[in-house]
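Both complexes shown next keep chain A, but they swap its partner, so chain B is in the first and chain C is in the second.
The block that comes next holds the complex of A and B.
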């Protein structure tokens, strides 16, 4: 068990190191003078370029720069945004709260909705056909369209978090419901469920106490993958609903060629992705005792 | 006194009748065995006794302890299941929830039926496991099913069926997944229950299993009861031709001696370790052309690993294997591949060993092409007692026996000198098994094939092999002519996992 935890954490650190390296490479591979690129839309006066070269050590050898970049990133120093005239960490830091609230609410909505839907429809012919159709539509609806429709229906009053969270939750929840129901149905047709029924266990208890845990195993894996999909969705939803958030800042940074912020957002996304998937792996260890021994 | 009375039981699945008017009864302290081959309707019959057949059930009488079970609402069924009728399925690895501890599984009937106050449940679980012959019950209750050996799992499953002290136990193939020794212990456990007054219904495809326990035997075929009577009478003086056929199909007697040729396969002090555990420990044997060598032992004794080493699929850590007198182990794959045709496997489950999308013809042609064999697919089918009609079928459209014959035909297409048969008939019905064993015997004699024959069924080993090597914990504990082998030692002790 402990070995499993250690292995997963070491793996996560390796992935983070990799994404840091890619971010560094992206910064340096862009053609043109790196200092000028880093200045983005800000006026590239010789003084500004000289200051940047000095600050970032852009005139020093590449390996030294690489080490410096990683060292600073590890301490949370991602450079300077000239568009906002503030450190990148500060720019992104202010936006993390709203985005976290949005994605976590969406995640909770998706998980709760999907679980309820799967528990109610698994193994029941008509309900599963109905809900299967709903899920197919839900998972293939573009986020921006759904957002605009909901916004229209609500009469363009979208101050609360529920509407944007729902927009974000629908496609994710639909996929999750499909995976959960599939897992439930596999579990419900297995011999251990038959055994539970022969003990006099009621159908509801069979679903909740036995089958649901089995369905969680594939669903958790999907949930880890959704972390990426939620972040990508947040970019769209925050723009549609005009909410503050990392997604919107990232879009604006791309428009303004504010490269340090773009790289910072990418790094942040990869950190979230890695952390979520490591947590998912650890949760799998809790759910499935068979994984604990390897 | 009759505990359960069934008259004219019929179970339908969308118009198809799986059970067609079956009548039987069980009394307290009595064991009724329902015997039949796959598709006979015996499992459906068993499940309809707890209202879980999944089909439409009708009966003239279906009474348990004086209560009419016909048309019982689900809620009433739940009060009977687990509380008054316990049910034991085969293969406890799948019949116990792998994500829950053994203790929770055993306790479930107690929780559901509230027969014991909650705080006394752990105590009760420990006693139930102990009574079912599970050593160190406290520790076992905290473990998960995959941490227990097959025999212990099956005992835990029985303990769970007994938890709420039911008056009747229905056991559907409770020993099929177990080796002989463990199976005998599980049957003894059921016998003890019967002797203490519990009614037992034992479902099995194997008459020899049933013979140990049953007071009465009912034989089913195609959804009908073809014969029913006291065990002694059914086993010794069967009236129905089908029963007689089943009894004749049970392997008995010894294989005829053969003329043997040169050694084709030789293992010299072969050892293999996995994760620090020695699975095969210094095993040596010699297999000569034309003879059949049995490899026997309980589960976990190293039989299958040894077979893989013989096939050149697993490298031994120590020792050497010779094929046709030349080195076979320790070679790079490119030097081994041209000689692979010389030694071919016959799988336990041929369904899993075929590409399900290939037709029989294509499966055989592929093998023939590899060896440059000139025999057509149809010739190959004829050699294993099948006809060309099957050429266009796919594996799923074949019966179990046909599939195993096709697997043998595919092995023959490569003109092998040795067939490695790993439990080749354990997934088959007895009558089908008899046919496959006869086929292997014929091939051995006509073609001078050598067989390395792995089985946990001692009767089969006696019927097929001339010599035998018995393994326990990876070591050879006995070897010699099958006739001299202490075959009466029916209990091969199973190494309990720690």
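The block that comes next holds the complex of A and C.
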């Protein structure tokens, strides 16, 4: 058990180290003079270039630069944004709140919708076919289109969080519903459900109290994927609804060639993604003893 | 193999897919008007008999623009998938054939790329490569590559130990002939099937980048860009944004239905 936990945590740290390396590579990959390019549209005054050279240590050997970069990133220092003329951490820090609210609300909506859909349709021929089609359409619809159409239908009153959260929740919920229903159907055909039924437990109770728990295990495995999709979707949804957030800042930074902000935002998303995945792995270790031996 | 069932949904998807490809190949045949010809007198007119999908802010026919958009949008999706497949095959093959430290290095690098949600990876890539049709396509390809590299690596390692490849080794076939003629064809089958599903994601990502203003430059007719155009006129003219989005959704549904059916038939 302890060995399994250690192995997964070490693996996660290795991946994060890799992400940091990649971020460093991305910042160094920019063609041309890094200092001038990094300044983007900002005037390349001697002070600005001097600050940048100091910031990135561009005059020092590459391994030193690399170590400095990783050391600073680990302490939460992601560099300097030229567009905002502020530390990247500060720029992103202000945006984390709105993005967290949006993604968590969407996550709750997706989970609730998917659970209801799966409970109602699992093992029933016609409802299953209908919901299968709904899920196919839901997972194939671009969020930016869905968002725009919902916005139009709602008469452009989108000051609340519900419309953007619903937009973000639809594609994720569609996939979750499929996974949950598959799990429910497997559970419904297993012997323990038959036992429950012979004891006279009502169908609704069999589904909710007995089968659902078993369907949650496969759903848990896609939780990491869910987190990733929500974070990526937030980029688009925040732009559609003109909401503040990490995603919108990242897109604006791409336009403004403010690479430190782009890399910082993506690094932040990667950290969340890796942490969620590792927690899911650890949770499965707790739930399923068979995994502990590997 | 049991008799193949031609499900109505699958047949419908194949027909719709053929239609979309026809639009992409010969848009001029299907488009009722020139996609770039402006007619300020007929700006933002709703769908009617003359303009089935209405007109945009410059009086351009939305149907004509959607039809002409098929080529760029589909080319971005298929092109990015093709490039990703090529790059993924090279990386996966190099990893599987070399083994040891090369494999560990390459595959761990792919794991790191996979630890970043696809669209965000594409966003970083487009920031590095630069926006535009080619830039966005390459960025989507970069985002899709690690998945294929992982699949090819696993497949090649599996096929390599199968009987007929060992027989080829015993017969003294040169390594290159062995890989090209015997290992790759067998390893790539399942990867190609899964790549069909990947095309749907690639179309979505490509359109998303265009929508965000990082794809083809205006006035290019491309679905994501058309949709983004229509955003400014939503209150008076919903159709300018509606129909390009419908086209994206339909294409992705078609690709997903075909991909799922192929997966069901050829993979367990």
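Operating definition for what follows: the second predicted complex is superposed on the first by the 282 of 294 C-alpha atoms of A that agree within 3 Å, B and C clash if a C-alpha of one lies under 4 Å from a C-alpha of the other, contacts with A are read in each partner's own complex, and residues count from 1 in each chain.
Keep this in mind: a contact is a pair of C-beta atoms (placed from the backbone, for glycine too) under 8 Å apart; a residue touches a chain by one contact, two chains touch by 3 or more.
Predicted model only: the values in this text are computed from it and were never measured.
Chemist: Now for A:19: first (chain B), second (chain C), both, or neither, which partner does it touch?
Modeler: In the superposition, A:19 touches chain C alone.
Chemist: Could you look at A:214 and tell me whether it touches chain B, chain C, both or neither (first, second, both, neither)?
Modeler: So A:214 only meets chain B here.
Chemist: Is chain A touched at more residues by chain B or by chain C?
Modeler: If we count touched residues of chain A for both partners, the winner is C.
Chemist: With the two complexes superposed on chain A, say which partner A:250 touches: chain B (first), chain C (second), both, or neither.
Modeler: Once the two structures are laid over each other on A, A:250 reaches chain C alone.
Chemist: On the A-aligned overlay, A:235 touches which partner chain: chain B = first, chain C = second, or both, or neither?
Modeler: second
Chemist: In the overlaid three-chain picture, which partner chain does A:198 touch, first (chain B) or second (chain C), both, or neither?
Modeler: first
Chemist: Should A:46 be classified as contacting the first partner (chain B), the second (chain C), both, or neither?
Modeler: A:46 sits against neither chain B nor chain C.
Chemist: Would you check which partner chain A:145 touches, where first means chain B only, second means chain C only, and both and neither mean what they say?
Modeler: In the superposition, A:145 touches chain C alone.
Chemist: Provide the residue numbers of chain A that touch chain C in the complex, in ascending order.
Modeler: Result: residues 14-16, 18-19, 21-22, 26, 29-30, 136-137, 139-145, 148-149, 151-152, 156, 228-229, 231-233, 235-236, 239, 250-251, 253-255, 257, 259, 262-263, 265-266, 269-270, 273-274, 277 of chain A touch chain C.
Chemist: Under the stated contact criterion, what part of chain A meets chain B in this complex?
Modeler: 190-192, 194-203, 205, 210, 213-214, 287-290
Chemist: Quick one: which bits of chain B touch chain A in the complex? Just the residue numbers, please.
Modeler: Where chain B meets chain A, its residues are 50, 52, 74, 77-83, 85-87, 89, 91, 94-100, 108-109, 112-113, 144, 146, 157, 160-161.
Chemist: What part of chain C is in contact with chain A in the complex they form?
Modeler: Where chain C meets chain A, its residues are 108-109, 111-113, 115-121, 123-124, 126-128, 131, 200, 204, 207-208, 211-214, 224, 227, 230-231, 234-235, 238, 241-242, 244-246, 248-249, 252-253, 256-257.
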